[in-house]
Amino acid sequence: MSPDGTPAAPSGPGPGAGPGAAPLLEVEDLRVAYPARGGGWHEVVRGVGFTLGRERLGLVGESGSGKSQTGRALMGLNGPGARVSAARLRFDGIDLLSCPPRQRRALRGARIAMVLQDPKVALNPVMRVGDQVAEGLRAHRRLAGAALRARVLDALASVGLEDPARVARLYPHEVSGGMGQRVMIAMMLAAEPDLLIADEPTSALDVAVQQQVLAVLDRCVAERGMGLVFVSHDLRLVASFCDRVLVMYAGRVVESIDAGRLHEAVHPYTRGLLACLPRLDRPQRPLPVLQREDAWAR
Amino acid sequence: MSGGRLRRSGRALRALAGGALSVAATFLGLLAVTFFIGRVMPVDPVLAIVGDRAPEHVVERVREELGLNQPLPVQFVRYVRQALRGDFGTSVLTANPVLEDLRRVVPATVELATCGILIGIGLGVPLGVAAAVWQGRWIDQAARLVGLIGYSVPIFWLGLMALLVFYARLGWVGGPGRIDVAYEYTVPTLSGLLLLDAAWAGEWEAFGNALSHLVLPAALLGLFSLASISRMTRSLLIAELSQEYVLAARAKGLSTARIVWRHALRNAAVPLLTVIALSYGGLLEGSVLTETVFAWPGLGLYLTNSLQNADMNAVLGATLVVGTVFVGLNLLSDAAYRWLDPRTRAGA
Amino acid sequence: MGALSAVGGPPPVPGATGLAVTGLRVAFGDHVAVDDLSFTLPPGGSLGLVGGSGSGKSSVLRAVCGLVRAQAGQVALTGGGAGAAPGSAAFRRRVQMVFQDPYGSLHPRQTVDRQLAEPLAIHRLDRGAAREARIERALAEVGLDPGLRFRYPHQLSGGQRQRVAIARALILEPNLLLLDEPTSALDASVQAEVLNLLDALRQRRGLAFVMVSHDLAVVAHLCEDLVVMARGRVVDRLGAAALAAGGAACAETRALQEAAAGFRRPAPPVPAPPPAMPA
Amino acid sequence: MSGDAIHGRGPLPRWRAWLESARPASRRQAAAGRAWAAWQAFARQPAALAGLAIVAALLGVALLAPWIAPYSPIDGDLGTTRLLPPSAAHWLGTDDQGRDILSRLLHGSRITLQVVLLVALLAAPIGLLVGTVAGWAGGWVDTLLMRVTDLFLAFPRLVLALAFVAALGPGITNAVLAIAITSWPPYARIARAETLTLRGADFLAAVRLAGASPARLVLRHVMPLCLPSVIVRVTLDMAGIILTAAGLGFLGLGAQPPMPEWGAMVANGRQYVLDQWWVAAAPGAAICLVSLGFNLLGDGLRDALDPKQAGPGGGR
Amino acid sequence: ATPKDTLVIAAAFDDILSLDPAESFEISAGELMGNGYERLVRLDARDPTKLLPDLARAWTVSPDGRRYVFELKPGLRFASGNPLGAEDVAFSLQRAVLLDKAPAFILTQFGFTKAQVRERIRATGPGRVELETDRAYAPSYVLNGLSANVAAVVDRQLLLSKERDGDLGAGWLKTAYAGSGPWRIREWRANELVVLERNEAYHGTPARLKRVIYRHVKESATQRLLLDKGDVDVARNLSPQDLDALTGHKDIRTTATPKGTLYYFSLNQKHPTLARPEVREAFKWLVDYEAIGRTLIRNIGVVHQNFLPRGLLGASTDNPYRLDVAKARALLAKAGVADGFKVTMDVRSVQPVQAIAESLQQTARRAGIEIEILPGDGKQTLTKYRARQHDIYIGQWGADYWDPHTNADTFVRNPDNADDARAKPLAWRNAWDIPALTRQADAAVLERDPSKRAAMYRELQAEFRRSSPFVMLFQQTEVAALRANVDGLQLGATMDSTYFAGVGKR
């Protein structure tokens, strides 16, 4: 048991929820497991629960803590062989686990979308960028021809790309990292989803470009009232970007807290994470290091 | 913009020149190797010309005529000069200019190998795709089995058995040879590809007959290329399917079919093409044995015959053709690489 | 500025080595990665190289230790190691490097033991028991459990791997360590451990550092002087203290500074609270 | 990195615990543990085990041939035992010289094994050396070596082998030589490709920084890394080697009579294929079985040695 | 199925090198020459010891035995339409001598040389040709020589129109046709097919069928399949076991004729052990003739231990040797090699040669002789054989023309055993130095009384059987399997006497 019990039980809209009264996403006791080597199962997400309104929710934790697996479970895109279960996994009133695969696929890309970490590998290298954006639109919005092209250019323009017509004709290797990530965002936002899951969308980018991409994401959320799950291992970044933060450790959520009240965090893991970052304004040596306790993982 | 294009075309030109140079080097190597083989072979090439029962003075005279009594370097220079002029000389075995022989036998093999590879691609790619998509399921096992058969069974043995079953017992297909003698003079020779020529001339009966002869050896060769093609398709596709961009495509909500065929396969196509090109070359090679079994008058048979009879002109010509085809296939697959993969297209 | 003389802090340990780089130029084909770059590192000093991705930081380090060939410029050791020509065995023993990616910098098919023994074998140092002792010492020095000695890299965590990489760099007892983003692939908590280790080593051994990073806070934590690079050139030089005071003059430096502080919402549609960190 | 939350495992016997220890205490234990892990990855695949069983059986038969063969492999009786169908006395029948086919098959396994081993021992090191040196050195060395490789690749293998055998004279040794000469280029290609991807690797840069000579780098660090893929390829090629040897034998250029070489036996049996099918079928089946074994083994090895599965750290 | 008016033959004819009668010397080509060309005289296919007129109506031999005069039939034409006259005959024979290709010796052994052939062979009138030999040979010897392919008559006008650089049309004729026989050679595609078409201008009885097509099929099993399916009418190269399997087939029958080809193995006398007389004899007792005859060469050959094939003048049919290991051992002991020895044997990788070699390998081992078989293709083993570098060579020899001298010339003549000898007959290749036998053979050629001549050859054969380093194995029987609806096919004893003009199909 984590010190403060199961965090953020589904009890009404979370703080900072948008105008809609019903939450966009309800997750309760989400578990993801993979077959273990010697037989049996290896659980990598162990009873995660939270609700999400039209807000920015940050998901932080160290490598391997299950952030990505949680995000992917929402999309239904866990690796082959994964076993996903939950007491409740509802998106806008739809039960994601029991709905037919066809409906699930229709939701993907249309209402729930995902931005991946590294645009270099997440864009199909042999397909023009414009075509990749168009693909989702064609599948979900049944657009074609000039209308489709116009929408593609719109989408590219909306993420702040100059000369979208030119960009649409480029291949992924011909665009820079920042542009690529914007293309990916445009690709995922083109169908105007209600929920966006961003899995470390900026950690492959240059520090300077990172800011621009975050600004684009931020604007989309603000303008369209979309829910955002922002996965990152950078606590400082999440704290400054999101409304609310879930801290994960070994497949569990150990703390759920408003970004503004991060300094009030009670879990030693969260506190340790904050303390161990070197800071420009307050040099400190040696840096405090995390003393892990087995109890956190239990 | 135009400057970039200019630079790009300049780069392409340089690549082309480099390619030509390497092809030239390969050719010179081919010539040297064939020459070497011809000289160390413990067979007297004169024998091939005059036969065993010729009296000694005839043998000596022919030896002189061939320049075989000159020092080796002189012979090599002469040999290279002739080959460069496109003069492969006259085949001892057929008494025809080698070039003319090649014009006859190469199309026969090309027809056979092409049909083989078409079968191999037509069945192998879908099989490989199915095996990759349904990894570990029965279709995967089946594909594996087919692949293993293709890799493990000697072609000459399977060929004979197939002939026995499908021709002798069941009578479903035509027998050995390219066409029944009855049609020997009904099809005018244009391309040398019997099927095309027959269709062009509107000789449908002959077409059917030629097809019935072609089916079995082509299917056999097809099985062998199918083995490698399906196996490579499978492993390439599996590798592609675990790429991030596939995840992105799934996140877009695309159907599995579209992801597999449009995204993953398109990426796998690049190395796959090389595999196919190589396996086409392999078929030309496999035809050596197949043609023996099926009495198919193609390059493979020509080459073995010439080798065994020390018909060096013919050996040189045929080897050069095969070598050229290999080199050409390599160049072609390189070009396809460039065409299919935009990353290499810019030369970056 | 470009002088070869050693300027900076007093050498804490006799024999400490410094570095002087003048007019360095590195090009890959037509692409110039580093152009006319000069800096000096006083013996026993520490210097941070910061800059955005692709600004040429790694190329500088690689050119210094001879992994890539410089088109122009000189690299010279100063202080204790002065005179060792780049590329010589003496140079190699004095200058070692730690790479960014702990997953890629260890040979995947060799045990920790073998990787640590390799430099000793190459330089024919310490046979038999002495070598064993030296390896054990190196492990202890970087705080690695001796039980991990015969593991393969894939059996180690990222932090452990980076420690092995540091141990390997240290086993030849160099005086100058080149660090190419040694913590950027690590979790924040592990990063702190590695940074502490490096700090301790420096204190203990009087090592000189050149450290590359895009994270200003990390560099400032470890280095006294900073060189900011952009497009292969030096655009700013300043001390760590000046950086902490904030308000750098150079645009590139400012951008890095802002990134280190997290995300700053431009217009205020949602009033974002300033990132308040607990003490 | 190893799973902490693994369920469903009983206590391990001592030797397994020793092998599977995450903290090996000595070099020997580390190597053994590594081999054990590879074996476990391998042993998970039933097909691979079947392949191993076949190859092991080949080995056993080759070792024991003189003791388990019921008759002499080279002496038969033309007058009385010619072309007998399979029976209790001759399980696989007899051939046209009246020799017991089973005995010939058993003895022939030695030749097959010898061919395969010799080719592997000749071709793989050549290919490995050429490929790694070309890939590591780059520049004109690379160009030159790859030209030569391409030259050999530009010839179809069987044709080149044919030509070499024709040049050197038929016989099993020359057949082996010819096959070896023609089979190293693909290994060189593989090794070179692998070396190229490794060339920029930091761990090699680290060794260079430690002052290793190029020879040491290539021999001790690069080659061992290329070895698995070459081994896998060699194993997969074994079938092809056997078939090429058989093809040469089939064309009368391989082993000479009365050596019970399987390919030559098939070639010989080809005359009787329509009526006395067993003469060709038995060695043909043996060839199939053994190449199948090598193929399965190669597949299994590839899956077990695949760098992607060597450790979970590889892909992040 | 095959067309009604066409005879389709499956055969292996990869040996053909040329279609020019002055050059072609191969077995398969011989058959084409026999059907496509005519000569002055021709062997009787039924009894090859007899001669029939072909182009010549009659001939006379001068009393001194050196001048032969031939009278041509009237109104002869070539397939091209050109008239065929004495000029053509003289031209053809001169041409063969002048071109001096492999088979030219058949004519030059009568004393014709390039220098004088235009005088010694002349057209002496319309329809009259005269030949003058240098010595008085046995007339049967000369006439038999003139029945060979090299003496076939070619179309002078046509050839001269195709002449290049004074080659007498040789370049062109390699792959073309200029004859007058019942069949025109329409096309030869090496290793693929040969097409013969009825020559409508032929002066004799025209051929019954319109076309004969040879299809090159190397494998016996494949030939059998094709025949069985009716895709060919005749199969020419069936193996013993395939022939066996076809007996009793209701639509297929076989026809056979002994051929002039002999199979033997020979011991190189340069090898000190093999040169001992007892060792030579021992080998003759180490062959299981009986079993080989019953199995490996069943249907395709008969055991024959003499250098003259049955059917030639004076041919002996004595076969004294059989498998007797004890006797062989005794002989080896006498030769001082009781413990055996090791030798190599060059063997072509073809059947039945290879199987016989393997059988010999087994029986010889029983007497302690280890034979290592060195396989190779034909040209390879031959190259070694001709250079006298073999230990034991196993091979065959076919009669070049239908006269005993053809084989006596090579098996029992060795005028000069030096390494650089001018003539290199088989006796020379095995370094068998036999001045006495050589003289005897030379005398036999000049004997004009056939019965005395036959006796001389029988004597030669007896000595040969006793002491030669040649172990003669068997005489080949040629067998063809044909569909039952084919009639009139008779295989000839020589390579050029299988005729298709009388063949028809029902």
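The letters A, B, C, D and E name the chains in turn, as written, and every chain counts its residues from 1.
Methods note: a residue touches a chain if its C-beta (ideal position, glycine included) is under 8 Å from a C-beta of that chain, and two chains touch if they have at least 3 such contacts.
Everything quoted here is computed from the prediction, not taken from an experiment.
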Minimal step count in the chain contact network, chain B to chain C | 2
Report back the single chain whose CA centre is most distant from the CA centre of chain C.
-> E
CA centroid of chain A to CA centroid of chain D, Å = 49
Approximately how many whole Å separate the CA-defined centres of chain A and chain E?
-> 90
Could you tell me the distance, in whole angstrom, between the mean C-alpha positions of chain A and chain B?
-> 52
Interchain centroid distance [CA atoms averaged], chain A/chain C, Å | 33
Expected list for chain B, residues touching two or more other chains, is 41-43, 160, 164, 308
Could you list the positions in chain C whose residues touch two or more of the other chains?
-> none
Touching at least 2 other chains, the residues of chain D are 166, 169, 251, 270, 273-274
Show which residues of chain B lie in contact with chain E when the two form their complex.
-> 41-44, 47-58, 61, 91-96, 101, 104, 160, 163-164, 167-168, 171, 175-177, 180-182, 184, 292-293, 295, 297, 301-302, 305, 308-310
Contact footprint of chain D on chain C as seen in their complex = 62, 65-67, 89, 92-93, 95-97, 99-101, 103-109, 111, 113-115, 118-119, 122-123, 145, 147-148, 150-157, 165, 168-169, 172
The residues of chain B that touch chain D in their complex are 22, 25-26, 29-30, 33-34, 36-37, 40-43, 144, 148, 151-157, 160-161, 164, 281-282, 284-285, 288-289, 303-304, 307-308, 315, 319, 322-323, 326-327, 330
Would you mind writing out the residues of chain D in touch with chain C in their complex?
-> 1-2, 22-27, 29-30, 34, 201-212, 216, 221, 224-225, 307, 310-314, 316
Within their complex, state which residues of chain D touch chain B.
-> 47, 147-148, 150-151, 153-159, 162-164, 166-169, 236, 239-240, 243, 246-247, 250-251, 263, 266, 270, 273-274, 280, 284, 287-289, 291-292, 295-296
